[in-house]
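The two complexes that follow have chain A in common; it is paired with chain B in the first and with chain C in the second.
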Partner chain A sequence: MKQSYHEASARKRLLGVLDPDSFVELLPPQARVTSPHLPALDLPVAFDDGVVVGAGALNGRRVLAASEEGEFMGGAVGEVHGAKLTGLLERAVAQKPDAVLLLLESGGVRLHEANAGLIAVSEIMRALLAARAAGVVVIALIGGTYGCFGGMGIVAKCCDVVIMSEEGRLGMSGPEVIETAHGVEEFDARDRALVWRTVGGKHRYLLGDADDLVEDDIAAFRAAAIRALDAARPPTLDNLLAEHAFLAQRLHLFGTCRDALDIWRALGLKTAESVALLDTAGFLEAAEKIRLRG
Partner chain B sequence: MDVDTLLHALFLGCCNVAQRGDFISGTASIAAQTISVVGTANRAAIGVELALQLAAEVLRVVREHPGRAILLLVDTLGQRLRRHDELLGINAYMAHLAKAIDLAERSGHRVVSLVYGQAVSGGYIAGGMMADACYALSSAEISVMNLPAMARVTKIPQERLEQLSRTSPVFAPGAENYLKMGALDGIWSGDLAESLRAALQGKSGADQRRARGAERGGRTTAMLVSERVRRDALK
Partner chain C sequence: MEKHQFEFHGGRVRAPKAAPALVGVASSGNLEVLIEPAKLNGACRIEISTAALGFGKIWEAVLRDFFERHQLSDVRISVNDVGATPAVVSLRLDQAVDEFTRPAS
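Moving on, here comes the complex of A and B:
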């Protein structure tokens, strides 16, 4: 039976993606390590600061894993939340597991811990790239309710592999932020179809920013994560030059497109208007020959 | 400080750095070595094109001039807040820039960043903040967002945030706060050329920001938490 990844909690997602009974949490809620800044603002704390980290197994392989909880402050990164992710990635440098899984669901920097959150995201980025340079594959899974935005949208694209569901959203500035800055004519954050085709999983997959697109099902995410275990792309000069050529070409091809529909048509998707209606299998088939691959 | 004044103070005329629009690049000579200069001006809002242009220059230096030091000049209002940038996947372009800078460091280039104007969130995090050694002029402003906007988003009264900012470096913008929290190696004033010479001689290595934040008392929890996650035995 399908179990929605989108609607599950961070813990449930993580336990469902990893091998049964394999997960051991580091700095669990019982350790009571909470935000030092939220009490000053009279805000409630969470005993895991909105992220679960630990070690487990995936298809019998040894992995480290983290899962962000959108229901606590939108998964935003505060000092403790960020330090848990950084510590996990540094543990990966030392222990060389077979992979690190990052189940990302975050609005980015936690504004209530502004400067501490920003620095924390920067520390995550450097630790993540150090892990990759050490030969550890880092896999991002994105399919939660709150999407993956802000600095964590950058973090996702620092990973070797990005796995998304159609319901997942990935970007940098959220629609509300853009609407606030430049008005509803620029980005109507309440136009769900527009939001979905601008930052949703199908668009990211067509553009090559998501490497795999799966159904909203915890088991489907697990299967994709297993497929990604040997997909390491270390951040070498050659790989970054190839990435550069790819991103330059993408900008060249679609730099003048105003809407995702224009991009999809330019890619050769004949039924661009009906993309929203396709189920995952039908969409993957339609996308197979035309999508970009980073 | 404007770019020309800054370049003169840093290199006393010994530089060949051009500014085209918001993009700065070129070479300069200091302490008998040639370094590359890359950065942004005009409080640039960094969109997909500029992020790609910055990454191109960093990658070019890595490929053509192995080991050459790089000075990143930072003046940015952050990422460009346009639907078009989101449509094209600006986070991938920002990540690409971050990876290019990280690669330069890993390949033995000394990378030093200097905030000489503004440094706001996404523009700083993918660029200057990736440097091993981060500095700011005393006149520089570093922030996630200003206090009025923060008050609006968090629904916490601005007066309250201002009051808290007097005792905590966490909330308010400012180079001093980032120094206390360990994100800056130092704040420059006076002889900028001498400051840069000293910065270029530093050694790159592991991320020291949490340790410095703890030492300086501005950010004490991050170090403890990350060390426990890094080292704790599995139970």
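Moving on, here comes the complex of A and C:
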């Protein structure tokens, strides 16, 4: 039976993606390592500061894994939350597991924690790149309710592989942030069709930002993560130069487009208007020949 | 935030040698409940941290009902609440006990 990844909690997602009974949590809730900043603001804390980290197995392979809980402060990264992710990635450098899985669901930095949150996100990025440089493949899974934005959007794009569902969203500034900063004429955050064709999984897949697109199903994410176990893209100079060239070319091709629909048409997607209506299998078939590959 | 602590005595159901369990999330109208075995001379201790101020008597009534339903002893329960209604609190507490006492698969 299909079990929605979108609707599941961070813990349920993680346990469903990993091999049954393989997960051992580090700094579990009973350790009570909670935010030192939120009580000063008289705000509630969470026993795990909104992220579950630990070790487990994926298809018998040894992995480290983290899962962010969007329901707690939008999955935002505070000092403890960030330190747990950084510590996990540094552990990966030391232990060389077969992969690190990051089940991301976050609006980015937890603004309540200001500089501590900002520094935490930069530390995550540094540790992530160190893990990749040490030969550990880092895989991002994005399909939660709150999407993956801000600093964690950048973290996702620092990974070797990004797996998304249509429901997943990936971007820098989130829809509400754009609307607040630039006005509703620039971006109407309540226009769900606009939001999803701008930051949703299908668009990210067509643009080459996501490497795999799966059904909203925990088992489908698990299968995609298994496929990605050997898809390391070491951060070598050649690979970085190739990525820069790819991004420059993409900007050259689509830099003047005002809407994702324009990009889809320019890609040669004949049924651009009906992309949102296609089921995952139908979409993957339509996208196969024309999608960009980063 | 407001903190409350309650202790109930005379529970007949000893904590299994279970792993701690966490249910729910600290988000608007919701709460997280952490339940774990603890040597408390047979008591069931419940610690509440809540964003809703001035509801101490309601907490006590809801938790007394909960204790009478399950009769737990040597159990520590910790709650981070963000304004959940009494019904939601009761359901989450029951869910926590269910997870805690379920035999490991």
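The definition used in the following text is that the second predicted complex is superposed on the first by the 294 of 294 C-alpha atoms of A that agree within 3 Å, B and C clash if a C-alpha of one lies under 4 Å from a C-alpha of the other, contacts with A are read in each partner's own complex, and residues count from 1 in each chain.
Going forward, a residue touches a chain if its C-beta (ideal position, glycine included) is under 8 Å from a C-beta of that chain, and two chains touch if they have at least 3 such contacts.
In this text, all values refer to a predicted model and were calculated from it rather than measured experimentally.
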| item | value |
| --- | --- |
| Side-by-side fit of chain B and chain C on chain A, or clash | fit |
| Contacts of A:Glu69 with chain B and chain C, given as first, second, both or neither | second |
| Contacts of A:Leu277 with chain B and chain C, given as first, second, both or neither | neither |
| Partner chain(s) touched by A:Pro39 [first = chain B, second = chain C, both, neither] | second |
| Chain B versus chain C as contact partner of A:Phe47, first or second or both or neither | second |
| Partner chain(s) touched by A:Met1 [first = chain B, second = chain C, both, neither] | neither |
| If touched residues of chain A are counted for chain B and for chain C, the larger one | B |
| Touching partner for A:Leu207 - first (chain B), second (chain C), both, neither | first |
| Chain B versus chain C - smallest C-alpha distance in the overlay, whole Å | 11 |
| Touch list for chain A against partner chain B, complex | 24, 26-27, 31, 33, 36-37, 40-41, 53-55, 79-80, 82-84, 86-88, 90-91, 94, 109, 111-123, 125-127, 129, 133, 150-151, 153-158, 170-173, 175, 177-178, 181-182, 186-187, 198-199, 203-204, 207, 209, 235-237, 240-241, 243-244, 247-248, 250-251, 254-255, 257-260, 263, 294 |
| Touching residues (chain side chain C, partner chain A) in the complex | 1, 20, 22, 25-27, 30, 32, 34, 36, 49, 51, 78, 80-82, 105 |
| Residue ranges of chain A touching chain C (in the complex, touch as defined) | 9, 11, 20-21, 28-30, 32, 39, 42-48, 69, 71-73 |
| Interface residues, chain B side, partner chain A - complex | 48-49, 52, 55-56, 59, 62-63, 79, 81-96, 98-100, 102-103, 106-107, 121-122, 124-126, 129-130, 143-145, 150, 153-154, 156, 160, 164, 168-172, 177-178, 181-183, 207, 209-210, 213, 219-232, 234-235 |
